[in-house]
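The structures come next, written out as structure tokens.
One chain, subunit A, appears in both complexes that follow, with subunit B as partner in the first and subunit C in the second.
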Partner chain A sequence: MIASLVAGRTRGGLRRATPLANLLLLLALLAAVLASPGIFVKLGALLLVLGLAALSGGAPRTVLRRGRFVLGFSLFLLLIQVLSVREGGVLFSIGVPVTDRGLLAGAEMALRFLVIVLSSLLFITVTDPDRLARAILALGIPYRYGFTFVLALRFVPFFREEYRTVREAQRVRGVDRPIRSLKSLRRSIRYTVLPVLVAGLARVDTVAVSMKGRGFDLHAKRTITRRERWHPIDLAVVGLSLLLVAVTVLARERGWQ
Partner chain B sequence: MPCASSGEISVQSLTVRYPDRERPALDSVSERIRPGETVVVTGASGSGKTTLFRVLGGFVPSMIRAKVEGEVLIDGISILTKDSPRPAAGVGLVQQDPDAQICTLSVWEEVAFGPENLCLPPEEVTARVAESLASLGIAHLAGRETTRLSGGEKQRVAIASILALRPRVILLDEPTANLDPGGAKQVFDLLRSLGERDGRTLVLAEHRLAPLLPLHPRLLLLEEGKVLLRRPSVAYSDLDSLGLRARWEIPRPVVVRSGPPALVLEGVSFAYGEAPLLDRLTLRLWPGEVLGVIGPNGSGKTTLLRLAAGLERPQAGRVLRPKSPVLGFVFQHPHQQIFERTVRREFSVEDEIAGARLADLLRRARLDGLEEAPPLSLSLGEQRRLTVATALSRGPNLLLLDEPFIGQDRENVVWILSQILAARERGAVTLLVSHDIPLVASLCDRLLYLGEEAVEGETAEVFDHLESTRREAFTPGYWEGGLR
Partner chain C sequence: MAEGRSPRKKPLLDVREIVLVALLASAGGVLSTYVGYIGNLINRLFGLPFGAGQLIAGLHVLWPILARALTGRFGSGTLTGLVKGAVEFLSGGTHGVVIVLVDLVEGILVDLGMGISRRPSLAVTMVAGAVASASNVFLFQAIYFTGVPVAFLLVMAGLSLVSGAVCGGYLAWDLRRFLIASRIAPSFDADEPKARSTFGRGLVGVLAVGLLLGGGVYYYTSVFDPFAAPDRAKVQGALVSPFVFRYSEWAKEAVTITAELRGTVTYVPPREYAGVPLALVLERARPKAGATAVEVIAEDGYTASFELAAIVGDRGVLLALEEGHLRLIGAGYDGAHWVDRVTRIAVR
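Here is the complex of A and B:
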């Protein structure tokens, strides 16, 4: 689901922006839904995410179809709040009274969840990890730490594949039985963690030799040949992020619900 | 591509001992390699090849702890002293696993990684990347993500990333071991052009010598850490006497294809995402039959085994297994199917095996005396024998083997073959996925090639077809030295 929130491989919208500008926008969206009161700003943030997804190659229908689990879970959150909050004026009853405060609290929680998940998915989908890594390294973070991020990205698919193979080996040998006790849980963890860990350590060994062999850590600094250049779209994304933060601050001060 | 001149290696009485190992990994090795020479180092697994390469590359003992005696000089400068020049200064090492040694996300960044670490000016980095990629004929890969490359492409990128450092000596530790035959041929062709063109010193560890003979290499044969044999040159006719020929002579009994088949795949289609991997594949295998499955990486060979094992369901068609299937599945890497803390307990993962039966299984797998040893502390060869022995311990009638020969020396290969032959005699159907074409050619009754097309038939017929369609890397002739 993560990789396919936005269909196609178009180069439009946020895909053209530098990863740092996109990261700033993501942080602004998260701040907006976490710090703003009521649903006004949160609803605006959701519409903004859907609009940006559309601009970046994902028609709202596609986003909604591919993000249906997220939608389903946010509706569940709404329902839980509606059924559990008793304060406020009663609007109607469905066996239990539904209050205006319950509806508002549910909508707030559902919108917050939707924006956090969809904006994160959008960021991951439109951001080229290679460009993001380069941008992080260019920020001035010591490159030894910056490369940890790059290596983590290199290791994710490896661990995913290794985990799948180990689980299949367990199925073949009939040791993927359901977990019914603490002992069987411990055994299942040991049977899975040990082989994956061994593979991971061997890989770390190889990659360390490969990196050291090419002069990694030889000097305190290294050359950065390809730098991310800023374009008008990046300024537009930064401007949008600042606007979002300003609206959030205003909403807090004026108590917009 | 220019490189600094020279590239002389002098190894004097080199002995390397790893902590907690009784036998030294290298024992009093002395050797002089002249600038511009091509040397092939061969020998069984555990003979000391990788240790020799890691010492020459400057990783032992500076990164990998070991007690080292003797002296190693590169162009007259010791690489064993504390203030020795770093590995990047004059020696480049290409390792076995093409995927594991890549540390960035794009081809351009990967090749630029070394020059950027050396703090070269950006223009110089750009020039070196372009030069390295062009010299290997892979300039078109510059913008590609490293995760989307084939094995052969990854290994060529790894070599390009070393060339960008302009080393005087290039060490290649079994660079084709993890590649499909097509990828291996790409690397061999590349090595030929490197050796012929620019006078760099090349030191290679390799088991398959025939494709390297046009490089006119000098040969070093290691055994248990010692140099057993030196040959100033090797000819194709020498390979037999040196026991290095890729050809195998394996008895192949006639399979009676009457009665109901033991394994049927009928019009099986399978795809990950939208790209079809297997398209309406039909196969019928009778008891005692061994089917070799060959083809490029990513062509669906392992998926076929997973479908036969019932780990995947076909999206179209059906798979009919033996009536009471007893499955033996050997995965590509032994550690993926080793779960227990001791060798003895590993035999009791599925059914309790103990007493005389366990002793017999251990003896046959040549693991007796190792009952209480942690399996992951065993050598790669011992781990492989353990996984084959546990897979066969239940007497499977469907045996699935995914690259069981990778990283195995001849002695272990012979042992694994003996187990396959024993299973065949008992009437098991065997599906063997392997990149070892000469071995597949000798062992298998029938062959399935998966690639641009699926070709299935008698072994000789399929090889004839592959040769006539210019896929010679997948034919035994290329590996046995018949094609030049």
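Here is the complex of A and C:
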């Protein structure tokens, strides 16, 4: 269902942790790169993500190779900041002056992007979406709405298959022409989005009746058959998350660059 | 399996609508790959490395608008946006977990925008689509593009706004008509009174949403800076040499004074404060001829104004570092001039 971005040869590292513990770690990493000043904490967070990827059954190189776009875009962010920020001492000029502050700001943004996207990739690689959905339901979210998420995940393979079928059918009929104008863009959207959507909507009533037939929405509350059990690895992940938050707070207080 | 049999309040969405929302969110999450692909093609079409893809940003808000238009229920747009973001994130989207926030905000704006009228008319869906779509530019700016020129942002937001109106609002309105006409989706209008929105009500709604959005965009792009480093402040405005003040670099210049804080509510008896005189900071920045005032602005937008001439010779107005944040100490000034969490100093 989801992209496997870290070669999953082992069941070690974060793969053994519960989805909620992993989610907490992801949020802590997010807080660290968004709230910390300078590059010190961000660089540490990046190394942590790569280390956790290695521990969880994939070499850091694999994550980086799979994330070529991520690296390309982070370089773009670096460049944008370098060209935009004019404050600070001028280091050299490439038509526009490149300053030390510009380089630092660029490094901050690039690191922020790298950590957010790579930690997200790591999270989805080590977390089973079904377990995540169950864990979210167990948090006490009204099951009618929590189930929307479960249901949406169930529709993903259907839509992927339908999308592939539509694209192949278009190619067979010679519709798959390159987009060279706004008119061809409109045609492409019409011929792709509409068939996929109609195929899905045609199933709404069937699925709804089937759910009602199985007792969905009959009662206000719903019990859960399988609850996630917490293990020492989960406590370690939670501890790591709290440590990250503490380091971030400290970095803000002390102004670590 | 089940427990509790007490009568319940009527739910926000019935089972059919929950399935519809899940389905549209899922379709949106899966087709975002397709949207990304088209975005890259458009960038190539315009010969740009990035940005022109905003021309189809509206396709991302198509799904919450369609959910809201097909169900007619407030909240369906928000739920669709949130679930779509989660699906996109778990599908390995290139924006990472940030996309959940972006889609959620778009969904909320769709609900607010379409709340203007009970009927999903073309104007309403286009306004909702435009507003929701443009929000992505400002969210990404706050997270990844802090410091880029405002003109660049406005161009991106403009493209996104148009795209949201056309690829989001118009397309959703057109799709809804088609789906209802071909009996694939029922119209919720049949169960509701045929209350048409009056022109005045619609106009007030549009103005309210526009003002809210405009105010929000202004505040979050020009005033509030949640990610500003706590020991730094931008020194900007009518200056020959604007720069970023970092306390650690100026610590040697710090002086100690005794000052008394007399505010309307707060009173702090005379005590010692150590900090860098604001006059020295302005000396380095060199105000341009004609500049008359200095504004000291806090993280949340709070501003205190001083006469430039009065500050230049005053060694009692300091920038101090307290608990990791910059604070303006204004000896001789009333409490309203003492600013906590300073992030900008602007000369006018």
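Annotations for the structure displayed:
Note that in this section the second predicted complex is superposed on the first by the 237 of 257 C-alpha atoms of A that agree within 3 Å, B and C clash if a C-alpha of one lies under 4 Å from a C-alpha of the other, contacts with A are read in each partner's own complex, and residues count from 1 in each chain.
Keep this in mind: contacts are C-beta pairs under 8 Å (C-beta built on N, C-alpha and C of every residue); 3 or more make two chains touch, one makes a residue touch a chain.
Since this is a predicted model, take the numbers as computed values, not measurements.
Of the two partner chains, subunit B is the only one that A:Asp130 touches; subunit C does not reach it. Legend: residue contacts after superposition of the two complexes on their common chain; A:Arg112 is shown touching subunit C, with no touch to subunit B.
Counting residues of subunit A touched by each partner, subunit B versus subunit C, the larger count belongs to C. Touch criterion met: A:Leu121 reaches subunit C, while subunit B stays clear of it. In the superposition on chain A, A:Phe40 contacts neither subunit B nor subunit C. In the overlay built on the shared chain, the residue A:Trp230 is in contact with neither subunit B nor subunit C.
Of the two partner chains placed by the overlay, only subunit C lies in contact with A:Ser84; subunit B stays clear of it. With both structures placed on the common chain, the touch criterion links A:Leu194 to subunit B and to subunit C. Of the two partner chains placed by superposition, subunit B and subunit C are both touched by A:Met211. Comparing the two interfaces of subunit A, the one with subunit B and the one with subunit C have residues 129, 147, 151, 153-154, 158, 194, 198, 202-203, 207-208, 211-212, 215-219, 221-223 in common.
Here subunit A touches subunit C in the complex through residues 1-3, 5, 26, 30, 34-35, 37-38, 69-70, 73, 76-77, 80-81, 84-85, 87-88, 101, 105, 109, 112-113, 116-121, 123-124, 129, 132, 144-145, 147-149, 151-156, 158-160, 163, 178-180, 185, 188-189, 192-194, 196-198, 200-205, 207-208, 211-212, 215-223, 252-255, going by the rule given at the top. Of all residues in subunit B, those touching subunit A in their complex are 54, 57-59, 63, 86-88, 92-93, 95, 97, 99-106, 108-109, 112-122, 125-126, 145-147, 158, 161-162, 165, 306, 309, 311, 327, 329, 331, 333, 335-339, 349-350, 376, 390. The part of subunit C that touches subunit A in the complex is made up of residues 1-6, 8, 11-16, 18-27, 29-31, 34, 38, 41-42, 45, 49-50, 56, 59, 62, 79, 83-84, 86-87, 89-92, 94-98, 143-149, 167, 171, 175, 178-179, 184-185, 226-227, 229-232, 242-244, 246-248, 321, 323-324.
If you check the complex, the residues on subunit A that touch subunit B are 129-130, 133-134, 147, 150-151, 153-154, 157-158, 162, 165-166, 168-175, 190-191, 194-195, 198-199, 202-203, 206-219, 221-226.
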